[in-house]
Each structure stands twice: as structure tokens, then as C-alpha cells.
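Residue numbering begins at 1 within each chain, and the chains themselves are lettered A, B, C and D in the order written.
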Amino acid sequence: MKTSRMLLALTLAAPLSVFAADEDRSAEEIAKYREMISDGNPAELDEMRGEEVWKTPAGSNKATLEKCDLGKGPGVVKGAYAELPRYFPDTKRVQDLESRLLTCMTTLQGIPEADIVKAPFSTEKKKSDIEAVVAYVAGQSRGMKMAVSLKHPKAKEAYEIGKRIFYYRAGPYDFACATCHSENGRRIRLQDLPNLTTNIGAQRTYTVWPAYRVSQGLFRSFQWRLNDCFRQQRFPEPVYGSELTVALTMFLAANANDAKYDGPGLKR
Amino acid sequence: MGSPMKIRAAVKDGVTEVKVLMQHDMETGLRKDAAGAVIPAWFITELTAKHNGRVVLEAQFGTAVSKNPYLVFRFKGGAKGDKVTVSWKDNKDDSRSDEVEIAEKA
Amino acid sequence: MVNLERRQALKTGGALGLWGLFLSLGLVPQGAQAEWNKPLFSAKTMNEALDGLGAILPASSEAIALTVPEIAENGAVVPVSVTSTLPDTTRIMVFVDKNPNVLAADFSFPAGTEGFVTTRVKMGQTAQVIVLVKADGKLYRAAREVKVTQGGCGG
Amino acid sequence: MKKTWMSLLALSVCGSALAAGQTGLDAKATAVIKRDFREKGIAKVERVNQDEVQATCTKYLDHPPHAVQDKLEKQQAATIKYPADGKLMGDWKAGEKLAQSGRGMTWSDKAEDPVGGNCYNCHQLSPKEIAYGTIGPSLAHFGRNRGNTPEMQKYVYGRIYNAKAFNLCTNMPRFGHVGALTETQIRDLVALLLDPESVVNKDEPAKK
């Protein structure tokens, strides 16, 4: 045991500096690449489509989503995303944008929840309507300050539960969200890993989601982002719009408070 | 019929810059689906941009243009309120045309 | 406002088939560019492409600024920007030498349009982005290598 | 360095007073975790159940008291199965291929698909590879700097098999312990790190 500890110390003291310059150089070039593709975000196409979906009657009630209350009153879309998740008195729950849209689609439009939850994310074959609406609604908070309230006890509770989920280690690889996202300056392969336990890390990340994913050629919602993180953690799949996902979103969104919302973004 | 494009056109110092985002899969014809079947090529082949009816750019694309193609070009002239029209056609004879008014660039 | 116009365009397009309409009205210019250049887009190597153009590899020109990233985080989207200050630039062709078909895009500029274009191309692997620029009837070249990297978590 | 939920909450970026009792929140969070995951593909819901190591590291935010750490590290060390024939180094080329692959054990992987080593996700290995992670330390020139004595081979084999035996709450998975990698695969990875001919031990880093 002693020997191994010493060896460990040796391992950690490896001559990192020799390679540091190389690493900086790659990081610099990747930053340039991102800068070059930042103009002309295809997410704008999804925002356009989402606005159409928002205004198009659907479901057994043949209703639009124009009376959907995202927390700022029925039909108010402007600035709503920057204040989500929040506590909603009508459902007596804390809801993020997507779980709230589920409420609107089921109650206003009469679309069965199961129909939405079974395929909430876009695939190459079929684009998701709810993801497009997410693009539209999020885009309507662009430039606004993140202001997620933890005043309501349920909101505060969601934050605390979300934090615990963030640090929960499990699965065959012993991973938690924190494994990749609780230290500064880390990367997985070439992708920077934000430290989501700090305000600055959460702000930089949360404010550019939802986002168009270049590698998939698809627009992705925040629920998708969490879903795919859990996939990579080797966890089972979180239920769409569940308390688990909302609580985790609350933890990250509240940590991003005071930053300017700048999404939908463009990601690798 | 194809999905709408997002076009921005802005004039500054007598030069109009046009930015176009097109919604298209740009399938190469080389990829396979989950079942192992080849996904047929499907891509924009031709594009034309016009300013008040006059051609200002023509382009031909192959399958190597990225999904949801993005294009920026500049032409001399153009005034605030003028029309810029962009039209494309793909290899399945689908097509799309959208129009914007030129804005003034800050 | 943009939205309204878009919807209008959408309606017109649906009713008439815009490309057909343009063709019938003679709005699509005839000539070399009017029909998709299948042979050139089918070329599998730069040499084949040059044969198709009836040209030999042209000299590189300082008057062509080719901007590409040195490293692309994702080969599916590689931004390419070309600015030619050669007088009378009429055409810019963008090639990727290691793609299955080397020609990615071919732009033609009528008088009054700047010899400039920005677009995005796919690259299957680390390769050269080569642009051929036609100016005053002659071809010129510029090229740069782009390294394509692996994504994290198995992509 | 005993960090617990209590101290974390004190450090909390939003730092307001507790809304409910500590244990109440812990229990609620656990209940939510057990309720809101669904089986998908090979990822069964049982995966969210913690073993003692996971539960301990979660509870102490990866900084357990020394006594707890030592006890569990010894337990984990006892799980390491070294190859019966004593051969610890395999084929570094196979190891490099394995190190490049980030696949395996997600719900989008199939049970029969080969599991990758995921090494480049977190470590620099070959100085030539640009796309490497920095969650773990750089392992470039690992063998060149340390040699490949039998002790070193055993250390590396054990560390890949069950990293938790060496550092209880390390981020590194227990590749052998959980059956993600086979004996042959771990040998190949040992060779990747220690074989003098391996890409890890060749090549100087690229000049700036």
C-alpha cells in the first residue's frame, strides 16, 4: 500500500510542463474554430419552426400554445426562459421549460402526455416539435439576465435535491455529474468541461443551452443535454420532465443567475 | 417543398452583405442507417441569389457542403428596402425560395 | 416582417414550384452554371477534377486569402472563407482533397459581386482544403491543411 | 479535510439558509433518484444503486476520513485478480486502439459490442494525439520515465483493474472490477503505458 501511494505521487508529478505548450496551442486553435462557426447558428431555423408550432392548433382541443403560461402570464414568452425553472401554483410543482410545456400541451391542447414523453427529442428522421418550441421560447430571452428565484420553499428544495443528484456517484464507472464538472480547466478529449459548481462555470454553460449540436446536425434542448450526460455517465435514462431532471436543472440554472442569457447556442 | 431559409441582408458603405442559413439534410449517400441500409444522397445542387431580380450569386453544391448550409457573400450596390431573393433546388427536384429586405448595417 | 415575407414566399413556392417558375420566366441564367456540373462533382481526385476543367494545377496566388481553422473540432462543419482580390474574379471552387468527391462547392460571381464567399464543408479526415479561383479567364490556387479531431465520449 | 454536505452547503454558491432538515433532503434526493430513472437498453435501473465505495464517496464529497478510506481501499485491493500466468504486459498496439475508443456500457451500446478503454477521454497518452482529456494526469512517456519493472507492471495492472484500491474516491473507473475490460485488454493497456516501443514512450511533443 505504501509503495503504491508513493508511485501515485510519482504519477501525479509527471513532467506535465513538457506538454503544456502543445495543449495551449490546440486549445487556441479550437477556440478559433469555434469563433469561426459562431456566426450563422442553424438553431435560428429551429426558432423559426418553433414559433410556427407555438401558433399552430394541435391536439384534440385544436388549440395553440398561445395561452400557455410560462410563469409571466398566459402567452408571455419574452423573458420567460431566463426565470425558469420556477414554482407554479397551478401544478404545485417546480417546473423547467420542458416540463411546463408538457403541462400546456396536455391541458391546453389535449395531447396525451405519454405521446410526448415517448419521443421528446429530435432524431435524424423526425424533428421534435417540443424541441423547436424550446428553441423559440429560449430565443425570446436572448440578452436578458438570468433570474431564477429560490424564494419559494419548493424552489429552494428543488435546488438542494438537484445539488445532491449532481454529486451522486453510481453506475458501472462510479461517475457523478461532478466527476467531469466540478474542477476548473478540465477537458474530455478536446471538449472543455465547465465547472458547474461555480457561478462562472454554470453561467458560461447554462446561458448557451439549448443549442444546435454541430456533430449531430440537430437542435438540442436542455433536457436532452441532461439525458445525454446521464447516458455518458453509464446511468439508466432519466424520465423526461421528471422531478429529477427539473431539480438538476434548477441547481444549474440558479448557479447561472445574473449572467446574460445568450442562447440558443452552437455546440460541437 | 423545402423548409424556410433564414436570410439576412445588410448594406454598409455601398456593399450589401448577405448571410443565408438553409434548412437541408445534405445527405452524402455514403452513410448507413441503423439497419445497415445506405441512406440515399439528398442535397442542394444549385442556388441562385438575386438583388431586385438581378442575379448576384450562383452556386452549385456537392454532398460535402455541411448540413443546414450557411453562406455569406457580398455585392456592390443595394439600398435599404431592396429585395434579396435566394432560391435553391436539390437533387430530388425539391426547391425553396425566400426573400428579405435589405437592412442598414450598424 | 421577415416572418410575413417568409410565409408569403412559402405560399408562392407551394402553388407554383418556384424553380419551375423561374425557369419558365427565364430568371435562371443559362450557360455553364445553369445545370449541375455532375462530372466535376463526381471527380474523385484533384487530378480528375483538373482534367474535367481542362486545366493543370494552377500556381498559388498571394491574392487569395483562404481562411480555414487549423484544427476542426468537428469534420461535419468546417468553416471555409475565401477572399480573392484578383481583378475580375468570376468563380471560386472549394475542394477537399481527401473527400470521396473532391469538389464541395462552386460559386460564380457576376460583375458587381465581390470575389468573396464563406461557407461550411464536411471533411472525412485531416486533409487539404484547396480553392481554385478563376479571374480574368485564368485559374489560381490556394490551399491549407485542416486537422480533423476526434470527439469525446466515443463521439 | 472532512467535507460533508453540511460544509458544502455552507460553501454553496447560493448560500441561503437550509429550507429543510439535512437528512430529509438527502432522503428525498435518494428517493427521487430511485424513482425517476428508467431502464434503457443495457442500462438497467439497478445501476443507480450505490455500492459501499460509491455511497462513501458521495457522502463525503470524495474526501472521506482516513480510517474509512484505508479500510475501503484495502477491501478494494483484495478484489484485484492478477493474471494466473503472471504475464502482465500484452500488445501495446491493441492497447492503443482500445485507449482511443470511448465506447461501452452506455444505453446506446449493445451488450455484445466491444467496450473501449476510454483512456484518451481523460489522459494524454501518445504525445502525437491532439485530442486527449485532462481529467486524469498526463501519461505521456509514462514507461520512459518510470521503467517497466515487474513492480511497475503490477502497479499499472492493478490500477487499471481497480483504481479505487489506490485512491478510494478517484474519478477513474474500476475497469477490471466491474468487468468492463478483460484480462487481455488490461494487459494490452499495461503494454501501452510501459512497452518502450509504445507510442506513449516514443515521440517528443509537437513544437509550438
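In the analysis below, a residue touches a chain if its C-beta (ideal position, glycine included) is under 8 Å from a C-beta of that chain, and two chains touch if they have at least 3 such contacts.
Please read these numbers as outputs of a predicted model, since none were measured by experiment.
**Q** Compared with chain C, which chain's mean CA position is the farthest off?
**A** That would be chain D.
**Q** Is the number of contacting C-beta pairs greater for A-D or for B-C?
**A** A-D
**Q** Taking each chain's centre as its mean C-alpha position, how far apart are chain A and chain D in Å?
**A** Chain centroid spacing, chain A to chain D, equals 25 Å.
**Q** On a C-alpha centroid basis, what's the spacing between chain B and chain C, in Å?
**A** That pair's centroid distance is 12 Å.
**Q** Provide the C-alpha centroid distance between chain A and chain B, rounded to the nearest whole angstrom.
**A** 30
**Q** Averaged over CA atoms, how far is the centre of chain B from the centre of chain D? Could you give it in whole Å?
**A** Chain B and chain D have C-alpha centres separated by 47 Å.
**Q** Which residues of chain D are in contact with two or more other chains?
**A** In chain D, the residues touching two or more other chains are 102, 106, 120-121, 130-131, 133.
**Q** Mind pulling the chain B residues that touch 2 or more other chains?
**A** In chain B, 4, 67, 70, 72 touch at least two other chains.
**Q** Residue numbers in chain A touching 2 or more other chains?
**A** If we look for residues of chain A contacting two or more partner chains, we find 26, 48, 187-190, 217, 232.
**Q** Taking the touch rule as given, give the residues of chain B at its contact with chain C in the complex, in rising order.
**A** 1, 4, 15, 26, 28, 30, 45-46, 48, 50, 53-67, 69-77, 87, 89, 91, 93, 95-101
**Q** Would you pull the chain A residues touching chain C in the complex into a rising list?
**A** Per the touch definition, chain A meets chain C at residues 26, 29-30, 32-34, 36-37, 48, 51, 187-191, 214-215, 217, 232, 268.
**Q** Using the touch definition up top, name the residues of chain A that touch chain D in the complex.
**A** It comes out as residues 1, 3-5, 7-8, 10-12, 14-16, 18-19, 21-26, 150, 153, 156-157, 159-161, 163-165, 167-176, 178-180, 185-190, 193, 197-199, 202, 230-232, 234-239, 242-245, 247, 254-255, 257.
**Q** Where on chain B does chain A make contact in their complex?
**A** 3-6, 19, 21, 23, 25, 67-68, 70, 72
**Q** Give every residue of chain D touching chain C within the complex, in rising order.
**A** 100-104, 106, 116, 118, 120-121, 130-131, 133
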